[in-house]
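Presented below are the structures under discussion, each in the form of structure tokens.
Across the two complexes that follow, chain A remains constant while its partner is chain B and subsequently chain C.
And now, the complex of A and B:
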């Protein structure tokens, strides 16, 4: 009897061993957490709607810049500025999803690397010849380049408009502005189309627990975004956390001056909503990191990590709200508040990157190697 | 006592088990090294990183740039020579040295498995593993023998007993047995394994795996030693290691352990294996055997026995060194490595380094990804000796950039076996003033929980 059982077990083991490299869809789960439902909620209720909304803003941005370049006036400039802000806010909802096509295109960097390189922009405009797909132009395109072109060329709107009218190189300025806007829009459309034409299914069906599975990958992308783009990019770097002196010129939307706080808050809210699985532009919640943590906690009986993270999001948010609308002003007047905000952001890096990823047994290293 | 030892050391047994062990060991090593190469790990782990974490006292061992490939080639080639038993003595020396060199290049990649390979190849340096069924034996029949001293094969068995037994003893702690940690973290994440995926979510399974894992390690060496349970034990060995291969990314190790366990069997089994190999490669085993059927092993080298005895006694004592350090072993990891603590805990950390000018008070944080790859950063973030070494590297780096009055601090958090992360290193200690040594590191903060057991 024992021998028979052992023999059967042995055969079973060998079958597993041989089949384990192929990723197989999980059996119908009754008691286990449904990762596919989480992926579906992410894709259908958050990611695709966010890209759709951002894509609309991207199109608006192109038509606004077109109207402006056809008829450069203070009014049309202000119209560009408004759509630029709207599009920038909408971008904060998709920036964390650097997966699939977005990853291949280096989407986040192409759309929003700051500080922008004004002298590079000027020399490209003078030259009239540029290719935004080249890595060397990464800091001369996207929202920050537009920021310079519509807010930073001069101090008054009339003077800015003059660059597009009376300036000897006006046509080149117009072309450059249009190309920047079109590039943002085209890149977004490419990513959105990819989600709509197949990638969504690939994504939600890749429930594998391996490092190439969707949950693992997006968790890594999400944590990376929170740590590098949100915590460091929007607050830490300008506050001088990584340098000897504060670097107020590295604030997001530096030339616009008064929306850096708004952008940071939007990004923070978007990251929290994603963590909690909240539907885009809605209130209902689906499966998420938070509900996954709650499920794992029923096994582990440890601290309620999901609640700790939500609480910390709340503390961080109220900290950011206490800052000046213009982070540059905040840094120059009282940088300690900026640093305090950084510290609050930092607390969730630890909870997300150390505690959450450990609870989910998601490996944070992108280098694969054998374990013990 | 000394007469018993004397008679023991004169006893001889058939050489076939040692020959099979040599062949399989060589082949497994060859395959492992080629696999490592094909996975692109030489490049990723040894060539791309700017900085490598060294073992204390072995800082002079560094990757060799593009010559690292040559090192791996030498190692793989010598493994193959060991397998066929050609110029065995030179081959095993080359293998031991090149393999151990590779392992000492960067402790980021430390695995007990690799240490095991170094230990076994050290043993093989002193064993007459080429006296039978080897090219050496064929070419120099005067040196071939059908028998080898008992102690040669027994030394390998003792090594395996130590590995299993100490791996089992290490599991006798409250986290493993009473909380089923870290399996409670690891197993639920294997939800997509066919048939077992759902079971992996069940709490009783986590306990079943924890307890049977400990029981397996503690009993399997004895079940293998005892003739009547040997076949049963071997089947359990296969099940256990195949299962771990399915559940965890542990590469070639399960297969190495499975073939190693064959050494416990009688020579008759090994002759069958050798017969099978002979058939494939058209070797006339019967003819070779009849020539040397009555030949005993002649060369008597006292020094080999002494070295191996000392080595095995050291192996028995070394894992206990953690007892001389204060604090929780899992937390400080002082005496953790080289002790067969295999897949014993889940630990993750976060370390943010701060570089301060001691005079002006000016400071900035370091972006670790500027200096380390993500694998190095991950390993560094929860191991104090890594943190210290990296802090000194940062100190040297920024000093060379012209920074003065340098002080390096770290704010770090570590989560152990699913506990909420806690501060790990004293953030007020200037790490540049701390030196690596075998002494207790006083700047590791206290672990605010208690893990009972060995």
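And now, the complex of A and C:
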């Protein structure tokens, strides 16, 4: 009898728990916030200018690569390297906008999947026959493949240049490097042209508050980028958060060695600027997630949620700044600092993905993949 | 919102364990249920299931070989499926020395197939066709972009998925189909079947501690452990306390998905429920309490069947969502896993009926609906919802959403 009573009590508690949950479910959100103004600010002041700047860097990358392959010297190699860094930094400002043509092209994956697959690259170069539109070549193209080709082939610049001069397969190395650079540039131009030829209007006019509306979609893309590409890709995976051991060889720009922190900081700043609606390369701010939250007057722990998120961006930034310029060195010398940085990044996952999206009544449209 | 639909299934599991507690009350002094799956006689363990471990390893290596484009052949894969002792079919040489194989235990349970050999042969042929078609259709198109009606590769995030012209990943259909046709079928419908546990003089021998040849176990104890081995037999899972590596083992078969389902708030506790039933049932065998044993069998049947159903609904719904976003590569991966788990429903066992929760003819209809025309390229959300709802209803899930997240 006692057990039966306990069981009834348990059911009662379950029912109680259920009704409690109901009270915290997000309210139907028919607010009057000017979504259109936010979409216009995003498109005209941030997204299109960011792609325009990245497209310029992509063109520079192709020019520098062509100059190098026509005249492979240490000097022209170093010029490729400089433009590669500039382009890589500019990419950090567009990677989060995986929407429209970028989504259709699988843009982020084709430009920046790392670690790159060096043995696959070598086998494609040896073969001389490859098609970068095939998904199986995703880990053999983009910035990480270039990283291998201009930084990772050998330990000295002279030896790297030799792959493009005296190596028996020098022509194939040159062709491959040019094709990688041209593919980055062509993909970027395709996305930018789409924004400039109609997609901008489609995007800003799709003000619906449903899952197919621009705000809901880009909010999901943004949070996904922050969670997967920034938090996990740049910090969590190399620090071993998702594996039994740290994986220092999985840091971004592994072969260049000393820019992983710079890239992470650039990406962090770009995500914060977008959150706050800050104009690309400017200081003025327009309608944004943050101003939307202010409009909704969302309070968490007694503070405005938007301010909490901005504060957390700042804390995270100073954490990253305290790391070694080369994350591989940081992981191998004192991984606890990488893990501490991961924890700070994670705090904003909660605030953005749970609190912000709930306040805006936006459903998360992605789930964690199984990994199989 | 999801929590609103609190799982009816968990309540019924809770009920089942409550009533078994009551039943155990009379004889509780006699039953010593250990905290771990540790059973000994004369200071030596009585628990062994090497044959199950070998078959799980064979399955894992065969599934991994589906994408060995450069080295695998139709013959090499079929030989792994129907391995004969001494043949060099596997990289793992210990497997080569074994006289066991996967094929002979596929759709081969006492309860479902001993008098149903025609269907058993059809099911074996399905798995062999996955192998043959992988080599005949998918391998030649390794470097072709998949389209409706054209096999090849398709992007799923940063991965490439290799699919048939209908969008089906045959390696996923094979792997997730094996969960039912090999693991669940052998576990639920064979080793936990009364026909097997109580075969011949098993009860009498068990009551009198008559051991199985030179072994340290009675035949009934061993049958029970062989069921246990199909769930917990991966070498990375400790026998005594498998849940200590829940969601952390190297297993990619049922134990892995038990962990995944257990991690869903709606089904939290399932891993403990199933383990407790295995442990209690094994203790009941030792004590000769066959009523208590069979109550635990029912809990295991319901629990393991639930893993398959939840993942089937989950993947069909995930596929529907991915199609809506235009992510066809992701959708095909989900739907291929969903297809395999749905296939596996044929081997579930509803303890109230002794039959699958969803009838074989219904499952066949679903298979046809998913793959007709261009298959996953043009499957409709309505079809995916109808199948999901049918499965959810058969398992008394309160909604599809309960299993889908």
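Criterion: the second predicted complex is superposed on the first by the 327 of 372 C-alpha atoms of A that agree within 3 Å, B and C clash if a C-alpha of one lies under 4 Å from a C-alpha of the other, contacts with A are read in each partner's own complex, and residues count from 1 in each chain.
Rule of thumb we're sticking to: contacts are C-beta pairs under 8 Å (C-beta built on N, C-alpha and C of every residue); 3 or more make two chains touch, one makes a residue touch a chain.
The structure presented is a predicted model; accordingly, all values stated were derived computationally and were not measured.
Engineer: Using the touch definition from the top, say if A:65 reaches chain B (first), chain C (second), both or neither.
Structural biologist: A:65 contacts neither chain B nor chain C.
Engineer: Between chain B (first) and chain C (second), which, if any, makes contact with A:364: first, second, both or neither?
Structural biologist: Touch partner of A:364: chain B, not chain C.
Engineer: Just chain B (first), just chain C (second), both, or neither: which does A:138 touch?
Structural biologist: Second partner only, chain C.
Engineer: Using the touch definition from the top, say if A:351 reaches chain B (first), chain C (second), both or neither.
Structural biologist: first
Engineer: Chain A residues in contact: does chain B have more, or chain C?
Structural biologist: Chain A has more residues touched by B than by the other partner.
Engineer: Have a look at where A:117 lands relative to chain B and chain C in the superposition and call it first, second, both or neither.
Structural biologist: Neither chain B nor chain C is touched by A:117.
Engineer: With both complexes superposed on chain A, which partner does A:50 reach: first (chain B), second (chain C), both or neither?
Structural biologist: A:50 sits against neither chain B nor chain C.
Engineer: Of the partners chain B and chain C, which touch A:106 in the superposed model: first, second, both, neither?
Structural biologist: After superposing on A, A:106 lies in contact with chain C but is clear of chain B.
Engineer: Would you check which partner chain A:330 touches, where first means chain B only, second means chain C only, and both and neither mean what they say?
Structural biologist: neither
Engineer: For chain A, which residues lie in the overlap of the chain B contacts and the chain C contacts?
Structural biologist: The answer is residues 10, 14, 17, 25, 365, 367, 369-370, 372 of chain A.
Engineer: Within their complex, state which residues of chain B touch chain A.
Structural biologist: Listed in rising order, the residues are 39, 41, 44-45, 109, 111-113, 184-186, 188-198, 201-203, 206, 232, 235-236, 238-239, 242-243, 245-246, 248-253, 342-343, 346, 348-350, 352, 357, 362-367, 373-375, 377-378, 413-415, 418-421.
Engineer: Which positions of chain C touch chain A when the two form their complex?
Structural biologist: Going by the criterion above, the answer is residues 1, 3-4, 6, 11, 14-15, 18, 21-22, 142-143, 145, 153-161, 252, 260, 318, 321, 325-326, 329, 337, 405.
Engineer: Of all residues in chain A, which touch chain C in the complex?
Structural biologist: My answer: residues 3-4, 7, 10-11, 14-15, 17-18, 21-22, 25, 103-104, 106, 109, 113, 131, 133-136, 138-139, 365, 367, 369-370, 372.
Engineer: For a test of understanding, state which residues of chain A touch chain B in their complex under the given definition.
Structural biologist: Going through chain A, the ones touching chain B are 6, 9-10, 12-14, 16-17, 19-20, 23-27, 29-33, 35, 207-209, 213, 232, 236, 240-245, 296, 299-300, 302-303, 305, 308, 346, 349-351, 353-355, 357-372.
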